């Protein structure tokens, strides 16, 4: 059985600088998430962090990554633009991407959405109840129609995202807000899933339902088809090779075989 | 009657450097397009070009622009990133945007789509026939179910865009290709329309059907609602002001009133 | 200024049989809704009810109706299938349709959606808070980012609808549920809006925000383009009249000019 | 490895009454399609026809069917409404559905779409070239970016369908038309794919690319999750069992435990 190669990218800042976070996630949030994924037979999960060279996301590594998970919060601005473009190209070429919680403001998510990705928030430890809105969707496989997190950061609508391909889950918050907690997109050949829970001062990634969603989402986001090569290419088709016989007519900007403008 | 303020942004390069283009568009392509728009009672169209300070798109100008049209080809790379972000913010805040032809590779279109926006192409002067796929859509008001352009640049699928909100028109090309020639999106509070025809060596923007589409598209893209202020804001909602009474519990990252991370 | 002709269709059962409903809506729910619409300069609203011949929706009446609003609950089964088909044809031909509250189970809504349109429910008079999820959408023009109804029937997810074109509002319920309270669709040339509030034992349609949404929705759903004639036609295009010259080849089922199968 | 149970439903009329069709498809079109599917390791395909009791689609059979394929043309009207509802319920509960060619006018497709599903057509044996518009989509796995059918019936836009979830393929016709040849939807928990080629007087289902699409589509449409039970249920949630404590207030239509209206 083909193993899905998942890479859990963690910002890895609060785990090292904040005692509360360090105690909840002694192996880092990325370590906890990777462990959750590795409980699945079909997933082989490893980690990468901001502090590694090229943030752990070299060309070679990304080429072998089927699905990338992204958790960041305090240091979005430290992620190099070149790496963001590299990840965006990989997604458009067919890599799956799962963006977690505060990753809504990550460069890569905003890069792929084109919108502000903003929201309202409150760190009060309040109860969240997540409702499934798309029954039997692969991402909610094995889940009840709702489940609760005793403490989560409130993320509230309006959420500045494009209309999703699918709204899979919506969250109810004790303080009176709602949020589209699980939404899907397609960008090029890549599938994208945003999942709202995961504030670092709460043990969210130890929750059984959350871990089920993460494993499901990796399986859903995986595109078994070969990665698109030269994902930004805009090939010129010559008159000679046209599929239907045509003759050149009218004035031209370009000589035969010339590259197009960019 | 409220006039819709439309600004036609033109790259204004080939009109000045290429004799063919200059003859077809003696007032510039932007001038021709603005004239087409001004034939409508409800539209007040002006122009802006790459060569003006801030490319003619100052903060003040954009604030008064209801709908921006964008034609560029040879000099996408010369558009300053800061202006691109400014336009993206305006769209997300409610300004309409119409991207024309080779603008598929403009920074602003790729910025808002998140995908490569690539395609195949051939400059052979071949016939294109555009079919309406969304009957009675406001953008095709007054058009027959298909119309022809005797010469257009071939743009062929696959077109590297996200799934549109609506596919309004599909083009048939003499050489054997097809293309999603008219597609709509929503980005934030702004409506976006991409329209494929408009190669600079052909008289496309003098065509009556094309001019009708442009006028319709401006009316469609116009959002009469006030522009969103502080379009990227992520407001913190305090526990005290929660809509339902809650009590602070659990550990926190943020002190009261502190800004969130970005 | 063109007046939008809106027809408010009311089942008109509980208003006559239930004392509570009769007191809240002495002119019928349809009467109250029509009055809300008539507060707008550009809308001319009238009513139709189940008990009228052809349920008040004759061919002639529908031909002059720009936007139809539909409220039903206790007597969905009494609506004649022929009238449902007539309304469905009108929507596909360009008439707007606004389906209210318990109309989620009406024949016309299920006919146009293709799905069960089911949900969970509770009649407890609990508080609902409706959040705007699509900022500056025409349907929420003039509304704050959220508003409350002190008592509404709980409608809870999962809601058995197809993925909407746009999710405009999401409801938060005091008892712990969420619901996609305002969703849009396009069916043929017609725009469809489903809006959840409106249980008959509460004064929902007297609420100022609700009335604003109704007026906005009528303006949004109105398609000024002419109604499509013969909306179900599947025209045969002859070889002789093909837009590109082709020759008949291969075996055929149909003689020249023959009707297609249905 | 789990085998996907696919049932190919064939109208089975022209195969028996038209000599041309009988020669191309001696085992029936459904037989040819089932054979194409059975070339895949993971698919177990059988057939059902109009003439069988309950059209071969008993409750028990559908319960075991993972993906249903539907080809009909001359006898749409002979399919019993009760069976159509049964199939619609199965799709909403999670069964995949693939609608082929003239099935665009089948009761089940129109039932699930809510729109006329009409188009223009010409039976001229002309060339069709199908372009992939969604690269690396699972349905086009292993296909080139375009492929040709030497003779197909022309199906032309406008195609009276709701906006698809994804437009996967678009057809180019020699006579000058275009068509959205491969489109996807989700209805309830079921995935739906419409695929245009397959006129009965041409050997379309013997074509290698077409057979690849059919096999891919079955794999794509298969939902491994358990079928939803009681797919049309609208459960009442009692005040006592509310997830958040609430108290009954306000007037009521329903007594405790009463069924809702339909």
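Quick notes
A, B, C and D label the chains in the order they appear, each numbered from 1.
Note that a contact is a pair of C-beta atoms (placed from the backbone, for glycine too) under 8 Å apart; a residue touches a chain by one contact, two chains touch by 3 or more.
Everything numeric here is computed off the predicted structure, so don't read it as measured data.
Taking the mean of C-alpha positions as each chain's centre, the chain lying farthest from the centre of subunit D is B. Of the two chain pairs considered here, A-D and A-C, the higher C-beta contact count falls to A-C. Subunit A and subunit B have centres, each the mean of its CA atoms, that are 27 Å apart.
Per-chain CA centroids place subunit A at a distance of 36 Å from subunit C. Centres computed as Cα averages put subunit A at a distance of 31 Å from subunit D.
Annotation for subunit D: residues 129, 134-135, 156, 160, 163, 165-166, 174, 176-177, 186, 188, 243-244 touch two or more other chains. Interface of subunit C with subunit D (complex): residues 14, 18, 20, 73-77, 88, 92, 102, 105, 111-116, 118-126, 151, 154, 156, 160, 162-163, 165, 174-177, 185-188, 200-202, 231-239, 242-244, 246-254, 260-262. Those residues of subunit A that touch subunit D in the shared complex are 94, 129, 134-138, 141, 146, 165-166, 174, 186, 188-189, 223-226, 228, 243-244. Here subunit B touches subunit D in the complex through residues 129, 131-135, 145, 156-160, 163, 165-167, 170-173, 176-178, 180, going by the rule given at the top.
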